[in-house]
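Below are structures written as structure tokens.
In the two assemblies presented below, subunit A is common to both, partnered first by subunit B and then by subunit C.
And now, the complex of A and B:
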């Protein structure tokens, strides 16, 4: 019988009634990622950490656009300034060398010298941060003079402070101090020397209050004022403001922290991204192929774990021909990527091995899914949680590694700042100028803590088994 | 299907037997408690209790640990830097002595140790005056010198110190195989230079042991300062049979040395500990008061050393850094200062393949250099003075001080003129930009600070890019010697108390002329200063050398170094000096009041 002979007409069909819904969704459908985000938002610690991370990114990327201070510029008039208010300076004449005051030495005996106290110790002109000029009357029989300076009152125990000058010429009864003068109070003490160079008799002390000054020409060279002609002698000008103070060469701490964050965050983000990708590819290949290949790949991973990082970092530095005074950031990146991937690889391999055995994979295969489809649709999305968590935990580790390497001098080259190198420099002045160490240390700690807490929150949020437990 | 992953799995898949990190990770996360619950009163009480308990526990633990430390350490370590009963003084070193072989030694730390354990023909006393050492008396003539050695001088194995030991040491130092940096200091001896260049055998040196106790020296030319020379460490004696018995390991360890000085090394743990004990065979043993000088700390960390001093673990701190000064003032410790005699300068590389070989570039560097700013605002140590010349201010001249008789030419910083010279240099070198200059510096905090100051200052004033090459002391020395630098932060301490010790540094034949500076006129002036016995002629030659070095910008002086120190007031008789072992504790004594 031929089917072509039979003809259907519209009357042969009848409309099927619309099927009645047996099930309805009362709430909007929530995807895995939406759910994770919702639970992350509920975790206050993680959320605050997220904001801190965003703030840090803004600090380092947008910060230098707002705070346009060169992190390498040295302001030798404001060295190791703690955070504080802007400083002002009075415009004075440029510094002119001083010939000093000479007097005829007065003869005297050893006895009179031993009982003598230098008289008439006085300031020759108002003390400034440019120079402090002192003079005194000649002491009979002195073979010279020794001057001390203190930032504390020498009384009552005669702690006269630093020996700032040794005058061997008995005719010279004046002294000009230019050493690291700050707008502060100083106590200058003068001793007469006997013929053997020992201090004879008592000392005289004068108290000096130095004021901060700058010459118009200097201020112009330093870029503090537009033109030297615009200011007159005696004018007060405001010095460049350093909100977080300055370091041991008068460089702006805020600006250095911003630029230092660049190095830290760059390597902290790029290195984990790279080695996590390497780890994913390597681990999923090992887990997916399995068998002897898996064994071989994982033993190689074990071998890489055993390689010492610091040694390789040094080797790479030499192999890449990184010369003296050049940044060691690139070899650091390479060493991190080449040596840090096995952890991720192991994690991903374990995950893939587990997923491979799941029923839905078998079902998918029975329906004719190809390998690529299996990997892209089932394997990677299901390992994504683990990968993200690894990534967020890797970031603080790497930031810390960078800080450590820069701290020991293997990282950035001066004048490029990094939080690690700044901590190293601040360590020297830890007791006298703690802010130079505290600020970079706080930044390192807060960043590492924020990334850790964020990773913690992500782990909770991305874990399916956590769902519905709140 | 070959690609089907399930077919590739062998029996007994490893997934079930292995620890699964992801699973472990998920398992412990289930214990996390949401942080939203407000703290209940019970919780607060619990936290408070825990806090108190942990504080108390911590305090108890610390007390226990400190008690345990005392138990173990009281037997081995002295608790005080000065032990009056045993006559022990405890000090620290900034670094491990790199070289204790007197023929090869160049650095000050080794010089300090060797100055305590060895003695030359002459030595410096507490007042920095020359005093008899192994030689009882001596006679210096125009053509030579004679030294009569004392009978009681002994090596630490009891054998007498003889004239042969000096002959052997001096010949060894000049032997080309030794490659001593200080060989040139023997060039004043007859045939000295010819032996060092390999033209004559070492036996032809103009020094002979007439008998065990008489040493006869022949000069190449009159030497006005030979008594000062023989106090220098390269002139120390070495005993031949002992030296040869060590087969190249001489001075490598405490056992590989023989001592003829007031002390001997009894412990030398490399990098950690050096201990000197009184040498019972020393001829003037009654003049030595201390029994032990112990260096159980080797560190360059200024803060660590200062803390050791505050805790009474060491008796002195030498070379206080600028950052420690405020702290020292706050502690109200008495501070001392002295000049260590050294001059610090830019060692410039004059080789033609380095940009610094160009005169105009060097001139530009000279014109922007401001030693005053460096000393007063960067280094900030009161005992330093701005450098103006290779000849430091303390050197004696014909009558008074050399620098008063021959003032150093001074430079007024002039950025505009410097830039003109820089442009000229670029034209001569045929480049648009001067390639980055390598600034070689020590890795100490002080040197790093100076290097960073120059890096910024030269960038700002001249637009020159500077790459800082920070190296540890030994490596920096090796790099300077190999000429791997453009500019090096370099210091030179005097070997003997005469301007010549600085003047011949840039003679073309001097192995310490690391920048390979060569100038025929300077060489001629050095020859005059070496050969003349007339002080006026010699000083005029030094004056001319000072001018040549300035005009040709052979070097750029930075500063003359002084040291700030604090020292336990119970110790007296410590010599601190520009020439010789420094600080010298050989004649130090402890006052007990």
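And now, the complex of A and C:
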């Protein structure tokens, strides 16, 4: 059969449709970041942590705008004030000296004195922070009296506290205490003295609740009220309010926590950003150049890793020194960057080495892509997930380091508050005023916890290989 | 194995040299020096002291002398306590830190392995959830807070019971060591628990475990011989860095519990700019840590025959 005998006509050919989908995507295409965000949204712990981090950022940035209290201002009338409601003071007359109460000494023998207890110990007038005025009945045979003051109940151990007065005149049966009175409960104890000055017999105790009072002139000097003339005797005025209490110098805790957050979070966010950037540049250079340069660069990184981190943080901190009036944040940043970059560098180098061998890089090169394009378009976006996870985990580590250094007195210089230095100061008054330690400690812990959980969530969402691992 | 050991040791020595050099450079760039104190107004005294410590020589010569002395194991004389040698200070205070550190590591390792194994066995059930919550807490609360709060708690407990069950601070008897070493080991224990959990989870249903089960081995034997032994390996790898973390973390615990260890001494020396003590303790700590990591790696090779040390 010859070909000439058979003729093809147009009817023999049917044009195939130029666009016929053999495969279709039934769902909308989801990019890597959209997918990561979706996974993160499903992770309840990570999402809560994200909200906590946002709340902390607001606390630091917007907090001082709403709560305009100077963190360095010392309110010496409210030192180590526990958190609570605003304190009030009653306006009274200015202080008038008190003559005291005199009584005729009652004679007695050594035996009766040895068995005696001062009777009738009482407050002469309501106790205030201006003065506590006490009186008692003369003890037969006493040649004087000794008074003690305590902030605890002397019972059952007979712990009467600190001696506040030594009365040598047996006729004087009163005492006025004006020493450093706070609006608190005091226990005053009185002993009778024998002729040798020793305490004789038992003591009597009176419990006193001192109320805070202030004279109009004083209140004006302290800035609590505008003008002395505006208030009348007996008026209650509200003192500067410290919702979370004050520290051992009477500085407002809430305001200090806000400014301290500024230091802790600033270092916690900026230092990881800096050393991650250094690590990316160093690691991608090593991975890309390869060969002997890579060997040399990575060997150096190994040495830096071997340096004991905290010891060298301290060493660098003193090497850079802190000038007068400086906060010491900058030297800490530099020291952190100098010591912490190798971990990221190693990670990025590993990633670069791995991605370099991927098929899409070869394809891109085949299409004529230049090195810069490869790095910017393929390498960095593909390592971004891992880098972001490192960054998130670096934040709590750095916050820990800052707190640790400030705690041992090697961190931020004193007038600048930081959570670490606040904890250090709080430690000294831990037994009597635990709130000064507990508040900064809670803030550090919650921040670190939030960043750790967020890091876990991000790792699960971004890093395919690490998914599902703890 | 022998070649590997020698190679690691040489690397270790170079690392220690690097640490010593970095310390030297850092210390000599500190503004001010320990001799510019208030009582040394006399120029002659100052010159004599500088000569004694070799501070009058060129920096490079100082460096050579310093490295030479260090190679012979001599760290020099303290600046602030001029009758004490740094070697004596280390010899006196390091055993205290080491005891505390060893106890903490033992506590952390045993606790971490135990809790980690438990959480893996009870995966997603109540013990797992409770322990993992505590672990996250242990990782997130700084050691100084734990130290301070445990001290506070202990004080209240002693006061409540009327007798002192455990001393609140100080050093000396075994009882003094209990709370500080637990506080020191807590963070590492939390970290090891997480690690142990994930490594155990990979092994809980491994083929050899299933085989052992189908052979009819008793569960305790499977747990101890097959699961625990295999799951423990990653924990041993990180023990080197964990020891490092615990040793340096000891500063705070020593500070809070008033323990006369080397860490507290180091912090003091830093505050007084005591050059020789700072350099001596840093190099000593650095060398200790470097060789600890090497030791752990070598031990790892012995324990796990699958690991080829090259």
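In the analysis below, the second predicted complex is superposed on the first by the 340 of 470 C-alpha atoms of A that agree within 3 Å, B and C clash if a C-alpha of one lies under 4 Å from a C-alpha of the other, contacts with A are read in each partner's own complex, and residues count from 1 in each chain.
In this section, contacts are C-beta pairs under 8 Å (C-beta built on N, C-alpha and C of every residue); 3 or more make two chains touch, one makes a residue touch a chain.
Here the structure is a predicted model, which means the values were calculated and not measured.
> Under the stated touch criterion, which partner chain does A:212 make contact with: subunit B (first), subunit C (second), both, or neither?
Neither partner.
> Under the stated touch criterion, which partner chain does A:423 make contact with: subunit B (first), subunit C (second), both, or neither?
In the superposed model, A:423 contacts subunit C only, not subunit B.
> Regarding the shared-chain residue A:403, is it in contact with subunit B (first), subunit C (second), both, or neither?
second
> Who contacts more of subunit A, subunit B or subunit C?
If we count touched residues of subunit A for both partners, the winner is B.
> For A:378, using the defined touch cut-off, is the partner it touches subunit B, subunit C, both, or neither? Pick first, second, both or neither.
In the superposition, A:378 contacts neither subunit B nor subunit C.
> Is A:435 touching the first partner subunit B, the second partner subunit C, both, or neither of them?
neither
> May I ask you to decide whether A:357 touches subunit B, subunit C, both, or neither, giving the answer as first, second, both or neither?
It touches subunit B, and subunit C stays clear.
> A:309 contacts which: subunit B (first), subunit C (second), both, neither?
second
> Figure out whether A:151 sits in contact with subunit B (first) or subunit C (second), or with both, or with neither.
Once the two structures are laid over each other on A, A:151 reaches subunit B alone.
> Of the residues on subunit A, which ones does subunit B touch that subunit C also touches?
Comparing the two interfaces on subunit A, one with subunit B and one with subunit C, the shared residues are 409, 427, 430-431, 469-470.
> Would you tell me which residues of subunit B are touching subunit A in their complex?
That would be residues 3-6, 8-10, 13-15, 18-23, 25-26, 29-30, 32, 34-36, 302-303, 321-330, 332-337, 372-373, 375-378, 380, 382-383, 436, 438-440, 443, 445, 448-449, 451-453, 455-457, 459-460, 466-471, 564 of subunit B.
> Give every residue of subunit A touching subunit C within the complex, in rising order.
302-303, 306-312, 314-316, 318-319, 321, 396, 400, 403-404, 407-410, 423-424, 427, 430-431, 434, 437, 441, 444-446, 448-449, 452-453, 469-470
> Contact residues on subunit A for subunit B in the complex?
Those residues of subunit A that touch subunit B are 42-45, 72-74, 76-77, 79, 149-152, 157, 159, 161-166, 178-180, 248-249, 288-291, 294, 323-326, 346-347, 350-351, 353-354, 356-357, 362, 365, 370-371, 374, 383, 386, 389, 409, 413-415, 425, 427-433, 459-460, 463, 465-466, 469-470.
> Which residues, counting only subunit C, touch subunit A once they are in their complex?
14-15, 18-19, 22-23, 26-27, 29-32, 136-137, 139-145, 148-149, 151-152, 155, 194, 197-198, 201, 244, 248-249, 251-252, 255-256, 266-267, 270-271, 273, 278, 281-282, 285-286, 289-290
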